[in-house]
Amino acid sequence: MVQVAIAGASGYTGLELLRILLVHPEVEITAVTSEKHDGRPVSEIFPGLIDASSLVCHALTKSELARRADVVFTALPHGTAMTTVAEVYDAGKKVIDLSADYRLHDRRVYETTYGKHERPDLLEKAVYGLPELHREAIRKARLVASPGCYPTGAILALAPLLGRGLINPDSIIIDAKSGVSGAGRNPSQDMLFSEVQGSIKAYKVGEHRHTPEIEQALSLAAGREITVSFTPHLVPMNRGILSTIYVTPRPGADLAGAYAAAYKDEPFVRVLPHAQLPATGHVLGSNYCFIGWKEDPRTGRAVIVSAIDNLVKGASGQAVQAMNLLCGLAETAGLGQLPLFP
Amino acid sequence: MVQVAIAGASGYTGLELLRILLVHPEVEITAVTSEKHDGRPVSEIFPGLIDASSLVCHALTKSELARRADVVFTALPHGTAMTTVAEVYDAGKKVIDLSADYRLHDRRVYETTYGKHERPDLLEKAVYGLPELHREAIRKARLVASPGCYPTGAILALAPLLGRGLINPDSIIIDAKSGVSGAGRNPSQDMLFSEVQGSIKAYKVGEHRHTPEIEQALSLAAGREITVSFTPHLVPMNRGILSTIYVTPRPGADLAGAYAAAYKDEPFVRVLPHAQLPATGHVLGSNYCFIGWKEDPRTGRAVIVSAIDNLVKGASGQAVQAMNLLCGLAETAGLGQLPLFP
Amino acid sequence: MVQVAIAGASGYTGLELLRILLVHPEVEITAVTSEKHDGRPVSEIFPGLIDASSLVCHALTKSELARRADVVFTALPHGTAMTTVAEVYDAGKKVIDLSADYRLHDRRVYETTYGKHERPDLLEKAVYGLPELHREAIRKARLVASPGCYPTGAILALAPLLGRGLINPDSIIIDAKSGVSGAGRNPSQDMLFSEVQGSIKAYKVGEHRHTPEIEQALSLAAGREITVSFTPHLVPMNRGILSTIYVTPRPGADLAGAYAAAYKDEPFVRVLPHAQLPATGHVLGSNYCFIGWKEDPRTGRAVIVSAIDNLVKGASGQAVQAMNLLCGLAETAGLGQLPLFP
Amino acid sequence: MVQVAIAGASGYTGLELLRILLVHPEVEITAVTSEKHDGRPVSEIFPGLIDASSLVCHALTKSELARRADVVFTALPHGTAMTTVAEVYDAGKKVIDLSADYRLHDRRVYETTYGKHERPDLLEKAVYGLPELHREAIRKARLVASPGCYPTGAILALAPLLGRGLINPDSIIIDAKSGVSGAGRNPSQDMLFSEVQGSIKAYKVGEHRHTPEIEQALSLAAGREITVSFTPHLVPMNRGILSTIYVTPRPGADLAGAYAAAYKDEPFVRVLPHAQLPATGHVLGSNYCFIGWKEDPRTGRAVIVSAIDNLVKGASGQAVQAMNLLCGLAETAGLGQLPLFP
C-alpha cells in the first residue's frame, strides 16, 4: 500500500482526492491537513464522508507532513503550496502539487502571473503532470505539477494538431465554459448561489492566469511560440468544463488521423466520431476527457470541443493518475468510476 | 461471474444499473434489451458509456431474455414488467423487478392502484427487496420486488420506531421532496427543463401510488394497519429524495436507541447524531441512506429526515444490493462508490 | 410624488425595492444608503440597474436619512434596523421596516428570539404589515413592521381557517421550502452555489426565528394560543417559498367558503379551485400569493399549499403594498407586474 | 387602445407576449389562438396568468383572426406562420411575425434553410424588426419579421463596427450560449430537466438556421458579403443569451466611439464602459441588450460580449417594441420592466 497524505483537504479538490483515494485499492491515507480545521474529522467538513470519520484534519508542520507519507498531494492555494511542496521534496518524498506553483517552467512568467517564487530551483525538477503528453517523465518524477483545469481541456484538444503542424498556430481561440466548483470553497459574494444561478458570464477575459500555462504546453507541442485567445465563462452548474476551440486547419489536414494516433491507446481520452460533440454531462464524476470536432467548409475553420470534469480529469483524478504512474501502479487504478448521468 | 441481463436499459434506472454493473467485480452483463432502441449500442443512448459500445440493446423475446442470464433486472414500466418478470421466473431464473408490479402483496390493492394483475399467483413468491428489513428472505428469493424510491426513504426512517412501538401510529406525515430523474426519461411537457427549473411544487397529493407500498411496509413493521399522509414534491435538481417526516413519539421513547439497534451494523444506512440532519447532496451517487432526527418539546412531535439518491438506494443500487444477497456475493460488492460532492 | 428613501440598499430586498420603486408611478427615490458602499452608484452594485446610475449609495446619518424622505424603507439586518427605524419615527416620518425588529408585540419574545430591544416603547406603535389582515391599521400607521417571508406564506394560508374555527388548532404543521435569495447577499460558505446546487436540506428545525412571528399572528387570528411545527428547507432555486401545511379540519368545515370570504376581493391573493395546487414558478417576480388545498378523507387531514415570491410578497412587494396604503395611494400601484415564466 | 391578437399563445414566446401586453397601457388583447388548446382559458395553460382567465384560446380561422384585431402577433412555428401571416396581411391588417418565415429577403436562402416558401411575394414587403437598425422602416411597415434570438444579440454587437469598417469582416466568430426556453415548450427528450441540468453542450455547430439571418444583417451593415462562424450552446438556465464574439479590429479602430454613436440614444441598448462585460443575469425579464467589449493586444483580437433575455429583447419584447413603432405609440410603452435579479 502506498501511504499518501493530503495537504489542504477541506476544499473541493481535497474532497475529490479523498473520494477517490478512500476507495483506491493500493492506497492508505495516512494524513490529511487543514490549517482552518485542525482537529476536525473530515466527516464533519464533508458530511458525505461519514464513514471516514476516523480521518482527522491536523495543522501539521511541513516536516511532519513529509514524515507521514510516501506521496503528498498538495491541494493548497498557489503561493501557499510553494514551500510545502519544496519541503516535502527536500525531505526526499514524492509530491503532487495541484496548485499552479510549479507548472510554469519560466520563473519570470510565473512571477509576472502569480507573484514571487520562493523556490525557482525546483521549477526544472517539476514534471507537468499531463500523462497523455509526459507519461514517461511522470513515472520518473518526484515532483509533479498537476495541470490546471482549463489547460487540461484545451491542451488535450490541441496538442495532437499542433504537434503535427495541422493548424495555423496563430488562429487559436479557446472559448471555455466552467462549472462553479472551480472557484473553490472560500466564501465570496460572486459565487453565492443567487449570484450564479440562472446567469452566464465571461470573466478575466484576456487575462486569466491559465493562459500562460496553456501557451507553454502548446508552444512545446508546436515547437514554436504560441499565443492564444482564451475566454473563460462561469456556467450555473457544479462541475464540468466545455472548451469550444476555433482553429484554421491547413489544407488537407487529417484531424481524425491525428487524434486517433495520439489517443487510440489512452485510457481516459475518447475521441468521438466526426461531427459528434461532447457535453460536460457525459463525463461527470469520471476521469475522461471527451473530444469531438467539426470542420466548417464555409469559413475554413474547424470547431473542436472537449469536455472534462474539472474536479476529476481537471484536478484530482489526473493527480491520482500521475500518482499511479510515479508509484508504478496500474495507471487506471482507483479511477474506474463511470460518469454519473443524470 | 454472475451473468446478468437488463430488460429496459434505456431509461435512467437502466442506465444506473449499467453504471454500477459495468464495473461490478463479480458480474458480466450478457444482455440489455430495449424495444425502442433495438440494435443500438448503449453508448449511443448514453454517450457517457462510450467504452461500453460493444453492449448493444436488442428487443429480445422474454424466453430469449431468460435464456441469456442467471439474473434478470427488469427496469420496465409497471404493467409492462409484469409478464416479463413472470416468464423469467417461470424459466427458473432469478429476477429483480424495479417496477411496482410485485411490490404489493394484496392483489386488490395492486389492482386499485395500478390496474389488472396478470400473475397474482406470483405475488406471494415475491420478496420485498429492502435488505435492511428482509435480508434473509432476499437471500433465498428468486423474485425480488425492488422498493420504490419514496418508500425506501420513508420506510427506513420509520420501521425501527414502529417496530418498537415508539410513536403514535396515527401521527405519521411524510413530506417528501424528489429530484426530477424519478420521473423517467420519456418526454413530457411537465418535465421540460424550463417548466421545472426555478420552481417547486407538490403533486399527486394524497393519491400518489407509492402510498399503499409505504403503508404495507409500515403496517408490517407495526403489526397493525398504518395510514399515512404522504405528499411528494418535485424539486429542481436531478437526483435525491429528502423525506421530512413528522411523528408523535410516545413519552420517553428512545429514538436514538431504536435507530442504533436497527442500523448499527448496516453497510448503507447511517444514523446521524441527534439534531444533525442530512441533505440529499451528502449521498449523491452513493447507495447510502442518511437518517437524522430532532425532537421538538414545544409540540411533542419529532421531525425525522432521511436522504437517499433516488436512482441508487432508491432504485438501481438497492437492486444490486439485493442481487448480491441472492447470488451469495458480498452485500456491498460493486456499491462502494462514495458520494459525489459538489 | 411620494419621496422615499431606502436604508440598506445593497442586499436583495434592497434591490427588489429599487426594482419596484424605480418604476412606481407615484414615487421618487430621494436617498439610498449603504454603510459598505458609501459613494457607489447603485448601478455598480446591481449592474442590471444601469439606468439608475444617478442614484448613489451614501452612508447617511439617521437624522439625515429622516430629513430626506417622507417614507423610509429599512432593509437592514435585525438589530441594526432597530435604532434607524426609531430615529426616523421620532423625526415624525413614516417608516416601513423589513427587518424583524418591530414584528413581535411582546418584548420578551423578541429578546428571547433575537436579543435585546433598544426601543420596546415602539413595539406597540408598530402595525404588522400584512394588508390582508390589517389593512385599516396600516392606512393609519407611521411604523409598519413588514412581515417575514415564511410568515407571509403560512399566515395567509391559515388565518381564514383559524379565524372561523375550522381546524384543530393543535394540528398545524408547516413544511416550508425556500429559494436561496432569502439568505441574503452576504458571503457564506453554506450559500455558495456549489454547496446548494443539486441538493435540498432542512435547517433550523424547530428553532427558526420566524416561528414566534407565525404563532403570534395565528394566535391573534384564532383568539387563543397557537403552537406550530415549522420546518424550513433550502431549495436550489433563487426565489420562491412553497408552504405545505398539514391541518385537521373540523367535521364539515367549509374551507372553500372560508377562503372565498377572506380573499375574494383581495388584489394579490388567489385561491385556486379545490385540489389544484400552486407552484412557486407561478408567482415569480409578482406580488401574488397563490393558495390551494386538498382534503384527504383517508387521514382526516387537509393539505394546504401556498406559494409566494419571497422577495416580492414575502418582502419588498408587500412593503410597497403597505406604503401605498399608508400614503393613500392605490394599493396596487407599482405592483402590477405579472409573474415571469419560465 | 390598439386591438391585438396573438396567434399561437401556448408557447413561451406567446406567454411572454401575454405577460407584456396584458399590462401594456395602450393595448387590448382581443383574441388568442391555439390549435391544441381550443376553448381553454390562458390561465389554465399558464397558471400564473390566473387573472387573465377571461382570455380563452380558440382555434380561429385565419380570416377570423384578421377580423378580430388591428395588429396580429404570430408566435407560431416557421412554416405554420407563413400562411397565417400572409392572410392577415392580405386582409389589410398589421402583422408582427415572430417566426423565421419572413426574415430572409432571399427566397432561395429561405428555402435552402427552412423549406418551401408559399408566399415569396411578401418577402420584400417584410421589414426586419430590429428597431435599432430599421426604426423608420418599421414605423411604416405592415409586415414585420421579428428577429431571431441569436441574431439579435449578435447583430446589435457587430453592426456598428461593420458599418464603420472597423473590423476585419472575415474574422468574425460568434460563440453563443443560450438558456433552454429558446427550445420551446414542445416535449422532447433532449430538453428534459434531467438531460439539461448540470451540463453544457454545443449543438448544430456550423449549421444552425440563424446563421443566414445573422449573415444577411451583417452583410447589409458591412456593404459586402459576410460569413461568420456561429456556434450555439445550451446552458442549464431558463432565459438569456450571452454572445461572446471574436473579431480582429483594424489598427486604431475606435470601438467605443462606434458604439456610442450607434446607441447613445437607444432606449434598450446599453454599452458598458471598456473591459466591463455583461452577464445574462443583468438583463433577465427586461428588454435590454447589454454590450461590453475588451481589446486583447496580445492577439490583436477584441472580444465583444452581448447579453439579452432571449424571450424579451430576443423575441416578444422586441416584437412589442416594433408594434409600438408601427402603431405610433411611445417606443418604450409597456416595456419599462427592470431586470429581475436574482
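Going in written order, the chains are labelled A, B, C and D, and every chain counts its residues from 1.
Just so it is clear, a residue touches a chain if its C-beta (ideal position, glycine included) is under 8 Å from a C-beta of that chain, and two chains touch if they have at least 3 such contacts.
This is a predicted model, so every value here is computed, not measured.
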Quiz prompt | A-D or B-D, whichever has more C-beta pairs in contact | solution = A-D
Quiz item: Can you name the chain that lies farthest from chain B, using the mean of each chain's Cα atoms as its centre?
Solution: D
Quiz item: Can you give the whole-Å distance between the Cα centres of chain B and chain D?
Solution: 45
Self-check item: Centre-of-Cα separation between chain D and chain C, whole angstrom
Solution: 36
Quiz item: In whole angstrom, how far does the Cα centroid of chain A sit from the Cα centroid of chain D?
Solution: 39
Self-check item: Shared interface positions of chain C, touching two or more other chains
Solution: 12, 179, 181, 194-195, 197-198, 236-239, 278-279, 281-282, 284, 342
Quiz item: In their shared complex, at which residues does chain B touch chain D?
Solution: 12, 179-181, 183, 185-189, 191-198, 236-238
Quiz prompt | In the complex, chain D residues that touch chain C | solution = 12, 15, 18-19, 22-23, 46-51, 181, 197-198, 238-239, 270, 272, 278-279, 281-286, 288, 290, 336-342
Quiz prompt | Residues of chain C that touch chain B when the two form their complex | solution = 173, 175, 177, 179, 194-195, 197-203, 205-206, 227-229, 231, 233, 235-240, 242, 244, 246, 275, 277-282, 284, 294, 296, 298-299, 301, 303, 305, 342
